[in-house]
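Following this line, the structures themselves.
Okay, so subunit A shows up in both of these, paired with subunit B first and subunit C after.
Now for the complex of A and B:
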């Protein structure tokens, strides 16, 4: 993907992240008191709401793409050689895939996982 | 200046960020945008790890109250809450300052171009941008105070 297109991805995910993180923080400290928001039963009920689970998944993808793409931009400014750029870009894609997969696993297990032992 | 010196001058890496010589408000905002961005990413990675304990951690198979209680016993204390307040502080600065950078990138808050004149001091990017930097700082501080009240005073 062209660098100009990747910068647009960075700006689009930034705007999306501002909105999504704001909603996330409101859910954690305004709608519910913080201690209630992080209680096991409340989180279980949150995950049982499919829309909020989808919201968390979108938040996960947006924030991680924005974060790792930002680090990629910083690293590519340090050095402009072809091998460096190739490794940084490949590492960014790998980091996004691994972390999104791990976060998605949490969401899926929270929604569909078995009862506690 | 020799070619090697010129190259070294233009390739200062992270040390270039940390050198405050000739910095103005916009340059500092740029510096903190990057530092806070990396800090937030590190927090997000940690947050991915701690929230995974809701389903028993890396080897879990589903919602697990004892694993969640275990991770809560580690992070839900004054030190953990202090870290969260710092996260809120840098998060709001990064978000609002990031909106400023996007507006600047699309030319919406740039001042009119003018001739470069002696003594070639760095010019600010306009009063609008300076105001937005101060707004970012003010919102970040207000959000951190709100986080303090939620975490330590039980508000919310």
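Now for the complex of A and C:
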């Protein structure tokens, strides 16, 4: 993929993340008081709302893509050899896939009542 | 004016392990530039000081160096404007040192060449043998004018934090020149240059620190050029020609009469 396309993704996810994180913080800090918002039962109850579960999944993808793409950019500035760039790019894709998959697993489990103890 | 304390960073990569500072007492005079002080030191106190200079009027860009920690032209910096105290002269950052204040600008010029800093025409024959003079409108000239003032002194590149960490980054000078030719209505090679810039170590690595524009002795704003350039790199298309730019020519070029 061209660097301009990757940067477009980076800018788009940055804008999206600002909006999504703002909503998320309002939900977790204002609508629900922060002290109760992070309790296990409260978190599970949040996922009972399908729309909010979708919102959290989108937030997960946006933040992870933005974060790992940002790390890719930083790492590519460290060294400028072709193998390094190849490994960093491959590692970024792998890291995004693994973390999104793991986060999605958590979302799905939460939607269905939480992870088994 | 009283005596000027000039401190020069000395380093010969073939002899020295690390740079050392040497101090020289220079008799000051009104209007004395740092270059004047350095030349006095070289001519009367220590012939071994290596420095590069030529025009002495901020036109050639040869005497770029770090003066009191900031990249400047030695010929364009008066000792008096440095506010008293010692005058510290060091080689520019981000370039290999050849000796003392002389740096190797080969990579700098190589990156400049990579940007194809000349008019590219689709009609190769016309480019080789122009039949007329290419015209541009005043408003089109306005877009490129400040970038044509670049004297390739390397100060912007020496102050760039990205160049310091990314050796493949073209640097502010080369990118500003790429912009200068891409927006030139007489040029038709914009897409070629855009393709060159749209890669992992290209135009996107600029952090917009703005130090390049801050240190430019000719008032060029490379940081602005780079930000404007990104718009075209993102679209992959050079500015649209309206047919009145490259195609408007003056009367055919005639050869001078033979004497």
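Convention: the second predicted complex is superposed on the first by the 112 of 117 C-alpha atoms of A that agree within 3 Å, B and C clash if a C-alpha of one lies under 4 Å from a C-alpha of the other, contacts with A are read in each partner's own complex, and residues count from 1 in each chain.
The criterion applied here is as follows: contacts are C-beta pairs under 8 Å (C-beta built on N, C-alpha and C of every residue); 3 or more make two chains touch, one makes a residue touch a chain.
If you're wondering where the values come from, they're calculated on a predicted model, not measured in any experiment.
Judged by the touch definition given at the top, the superposed model places A:44 against subunit B, while subunit C stays out of reach. In the superposition on chain A, contact of A:99 is made with subunit B only, not with subunit C. Applying the stated contact rule after C-alpha superposition, one finds that A:33 touches subunit B and leaves subunit C untouched. Applying the stated contact rule after C-alpha superposition, one finds that A:3 touches subunit C and leaves subunit B untouched.
Of the two partners subunit B and subunit C, more subunit A residues are in touch with B. When both complexes are overlaid on chain A, the residue A:85 reaches subunit C alone and has no touch with subunit B. Residues common to the contacts of subunit A with subunit B and with subunit C across the two structures: 7, 78. By the touch criterion given at the top, residues 2-4, 7-8, 73, 76-78, 80, 85 of subunit A touch subunit C in their complex. Taken together, the subunit C residues at the contact with subunit A in this complex read 162, 165-168, 198-202, 204-205, 233-234, 236. On the side of subunit A, the complex with subunit B involves touching residues 7, 11, 14-15, 17-18, 21, 25, 29-30, 32-35, 37-38, 40, 43-44, 47, 60, 63-64, 67-68, 70-71, 74, 78, 99, 102-103, 105-106, 109-110, 112-117.
Residues of subunit B that touch subunit A in their complex: 13-14, 34, 37-38, 40-41, 44-45, 48, 51-52, 54-56, 60-66, 68-69, 72, 76, 88, 91, 95, 98-99, 102, 105, 146-147, 150-151, 154-156.
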